[in-house]
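Working notes for the structure below.
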Amino acid sequence: MQQSRYEKGLTKLAEIDGEAGEKVVNGLADICPDLGRYIVEFGFGDIYSRPQLNLKSREIATVAALTAMGHCEPQLAVHIQGALNVGCSREEITEVMLQMALYAGFPAALKAVAVARGVFAQAEREAHA
Amino acid sequence: MQQSRYEKGLTKLAEIDGEAGEKVVNGLADICPDLGRYIVEFGFGDIYSRPQLNLKSREIATVAALTAMGHCEPQLAVHIQGALNVGCSREEITEVMLQMALYAGFPAALKAVAVARGVFAQAEREAHA
Amino acid sequence: MQQSRYEKGLTKLAEIDGEAGEKVVNGLADICPDLGRYIVEFGFGDIYSRPQLNLKSREIATVAALTAMGHCEPQLAVHIQGALNVGCSREEITEVMLQMALYAGFPAALKAVAVARGVFAQAEREAHA
Amino acid sequence: MQQSRYEKGLTKLAEIDGEAGEKVVNGLADICPDLGRYIVEFGFGDIYSRPQLNLKSREIATVAALTAMGHCEPQLAVHIQGALNVGCSREEITEVMLQMALYAGFPAALKAVAVARGVFAQAEREAHA
Amino acid sequence: MQQSRYEKGLTKLAEIDGEAGEKVVNGLADICPDLGRYIVEFGFGDIYSRPQLNLKSREIATVAALTAMGHCEPQLAVHIQGALNVGCSREEITEVMLQMALYAGFPAALKAVAVARGVFAQAEREAHA
Amino acid sequence: MQQSRYEKGLTKLAEIDGEAGEKVVNGLADICPDLGRYIVEFGFGDIYSRPQLNLKSREIATVAALTAMGHCEPQLAVHIQGALNVGCSREEITEVMLQMALYAGFPAALKAVAVARGVFAQAEREAHA
C-alpha cells in the first residue's frame, strides 16, 4: 500500500532534523496547523524526498539560502542541525556561511555564524548528557 | 616563490567559470576596475581557494543563494555555468532551484530556472560549434 | 470520484489567471516540469482552493507581497491580471501598490505600477480585438 | 474649517490600530519625532484615508507585505491587531500568512504566525480583563 | 505667502534631479498620478527639503541604499545623476557602490556599477551635444 | 617596511569603531576566526582605507544601507557608533534613517531609530562614567 505524502514527509523530516523538525510542526497546532501539514507534505514529502539531489547537498543549499536571506534564524538553526545530521562537518557549515559574505554581505554571514555557535554548543551539551 | 592573491584568484576563477568570470572582471575596467580586482583577490583568491569545502558544494551553495536572493540574474548565469564546469549535472542545478521555492517562494525559483534555460541552451550551442 | 490535487489546481488556476497561468506552467516543460506541477498542485490545488479567504482578498494579498518584494515582475503581471479576473478594479490594484510605498518604499511601488500599466494596456487591446 | 493632515491621520490611526499605533508614534518622541509625525500625516492622513480601498483590504495587503518582507515583526504585530480591529477574522489573517509561503517561502510564513500567536493571546487577555 | 508642499517639492526635485525627476513624476500621470504627487510632496517637499543633512550626503545615502537593495535600477539611475548634480564625483559614486559589496555582496555592487556606466555615458553624450 | 593588510585594517577599524569593531572580530575566534580576519583585511584594510571617499561619507553610506536592508541590527549598532566617532552628529544619523523610509519603507526606518536610541543611550552612559 502507498504511503501518504504526510507519512513520507514525516519520515524524511525525522531523518534530516530529528525531533527538532517535528517540534516546529507540532508547535503550529494552536495557530496554523495546516502550515505545519504543508511543510511536512510539500516540503519533506514532495521536495526533500526527491532523488535528484543527495541530502548533504540539499542541506548545504538550504544553509546557504537561509544565510543569504538574513532574517530566518530559527529555520537556520533547524537546518544547521539538519546539516550535521546528514553528514556535514561543522567546518563545512561555517564555510558555507563564510562564502555567503561574497553574495549577501558580511552582516548576513555574521548573523549565521552566531546561530551556528548556538547550535554547535547545544549539540555538545546533548552529546555529553 | 609565493603566488599573489590576484594570480591565485585568476587561476581559481578560470577553473570554475572558464572565460565567463574573466569577462565579468575585464568588463569592469572602464567603470570600477578595483571591484573586479577584489572579486578576483578576495572572492576567488581567498574564499573559493579555501580547502574547507569542495567546488561542487560551493557552487551548489552559490546557486542556492543567488536563486533565493531573487535579483542576481547575471551572477546566477555565471554560476550555473560554473556549477556545470565543476561537475554538477543540469538536474542537480534545477533541483537546487526547485528546493528554493520552499525558502524564498515560487517567483524566485521561476526566475532562476528561466536563467538556467538560457545557460543550458548556450552551453549546447557551444558544444555543437 | 475524488478529483486529484493537480486537476483541482488546474481548475482554480484557470479561474484566477485564465490562460496566463497555464502558460507559465507549460513554459516550464523543457526545463523543470515538476516546478510547474507543484505550482498547480500545491499553489492552486492546496492553497488557493482553501475556503478561508475569498479570491479577491487572496489577489490583493499577492499583489501587495509581490509589489513589496520588488523583484517579481513576471509573477506580478500574472497576478494583476488575476486580480482583475476575480473582481478587483484597476483602481484597487494601483491603490494596493501605492500603499506599499509605506512598507517597502517608493521604488517598489514605482516598479509595480509600471507592470500594471503594461497589463492594463494588454487587457484593453484584448478587449478591443 | 479643514482638518489638518496630522489630525486626520491621528483619527484614522486610532480607527485602525487603537492605542497601539499612537504608542508607536509617541515612542519616537525622544529619538526622531518627525518620523512619527510623517507616519501620521503621510501614512494615515494621506494614504490610509483614501477612499479607493476599504480598510479590511488595506490591512490584508499590509499583513501580506510585512509577512513577505520577513523582518518587520513589530509592525506586523501592530497590523495584525489593526486587521482584527477593522473586521478581519483570525482565520483570514493566518490564511494570508499561509498563502505567503508561496511567494516568500515557509520561513517568512512561520515567523508571521508566531507573531500572530502573540497578538491573539494578548487580545484574549485584554478581552478577559 | 507660504509655498505649498508640492511646489516646494518640485523645486527641490529640480535642484537634485533636473528634468529626470519630473519625467518620473509626469510618467505616472496615466497610471497612478497620486504616486507622483506623493513623491513630490512627501519625498522632496518634506524629506529632501529638511536642513538636517546636506544634499550631497543625502545622495550618498540614497545611492548606498538603492545599491544594497539590489532591485531598484531605474531609481538608482535617477539618483546617480542626482548625486552628480549636487556635487558628488564619479569616483565617489562608484566608491559607495564598491563599499556596498561589504554589506550587500558583490552582485549588488556589480549591478550598481553597470547602472553607473550607463548614466555616466549619457551625461557625457549630453555634455558634448 | 610595508604594513600588512591585517595591521592596516585593524588600525582603520579602531579609528572608526573604537573597541566595538575589535570585539566583533575577537568574538568570532571560537566559531569562524577567518570571517573576522577577512572583515579586518578586506573590509577595513582594503575598502575603508581607500582615499576615494572620506570616512564620514562612508559611515553615512553604511548606515543608509544597513537601515534599508532591515535585518542587520548588530552591525547597524556598530556603525552608528562608528558614524559618531568619525564626526556625524546624532541628528545626521537619524536623518539618514528617516530618509530611508522613502526607499525601504517605514518599518526599516523604525527599526533603525530604535537601534540608534540604544547606541546613543550607551554613549551617554559611557560619557558620564
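Going in written order, the chains are labelled A, B, C, D, E and F, and every chain counts its residues from 1.
The rule is simple: contacts are C-beta pairs under 8 Å (C-beta built on N, C-alpha and C of every residue); 3 or more make two chains touch, one makes a residue touch a chain.
These figures come from a predicted structure and were not determined experimentally.
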Worksheet, complete the sentence: Label-sorted list of chains bordering both chain B and chain C is A, D, E, F
Discussion item. With touch defined as above, tell me whether chain D and chain E contact each other through largely the same residue numbers, more than half shared, or through different ones.
Written reply: same
Discussion item. If I rank C-E and C-F by number of C-beta contact pairs, which comes first?
Written reply: C-E
Worksheet item: Can you give the whole-Å distance between the Cα centres of chain A and chain C?
Response: 30
Worksheet item: Which whole number of Å gives the spacing of the CA centres of chain B and chain D?
Response: 40
Worksheet entry | Separation of chain A from chain F, taking each centre as the mean of its C-alpha atoms, in whole Å | 31
Worksheet item: Hey, how far is the Cα centre of chain E from the one of chain F, in Å?
Response: 24
Worksheet item: What positions in chain A touch 2 or more of the other chains?
Response: 34, 38, 42-43, 47, 50, 66, 68-72, 75, 98, 100-108
Fill in: chain C-facing residues of chain A, complex
34, 38, 42, 46-47, 50
Worksheet item: Which bits of chain A are touching chain D when the two form their complex?
Response: 24, 28, 30-32, 34-35, 38-39, 43, 66, 69-72, 74-75
Worksheet, complete the sentence: Per the touch rule above, chain D residues touching chain A in the complex are 70-71, 94, 97-98, 101, 105-111, 113-114, 116-117, 120
Worksheet item: Quick one: in the complex, what on chain F touches chain E?
Response: 42-43, 47-48, 50, 52-53, 57-58, 60-69, 72, 75, 91-92, 95-96, 98-104
Worksheet item: For chain D, which residues count as touching chain B in their complex?
Response: 68, 100-108
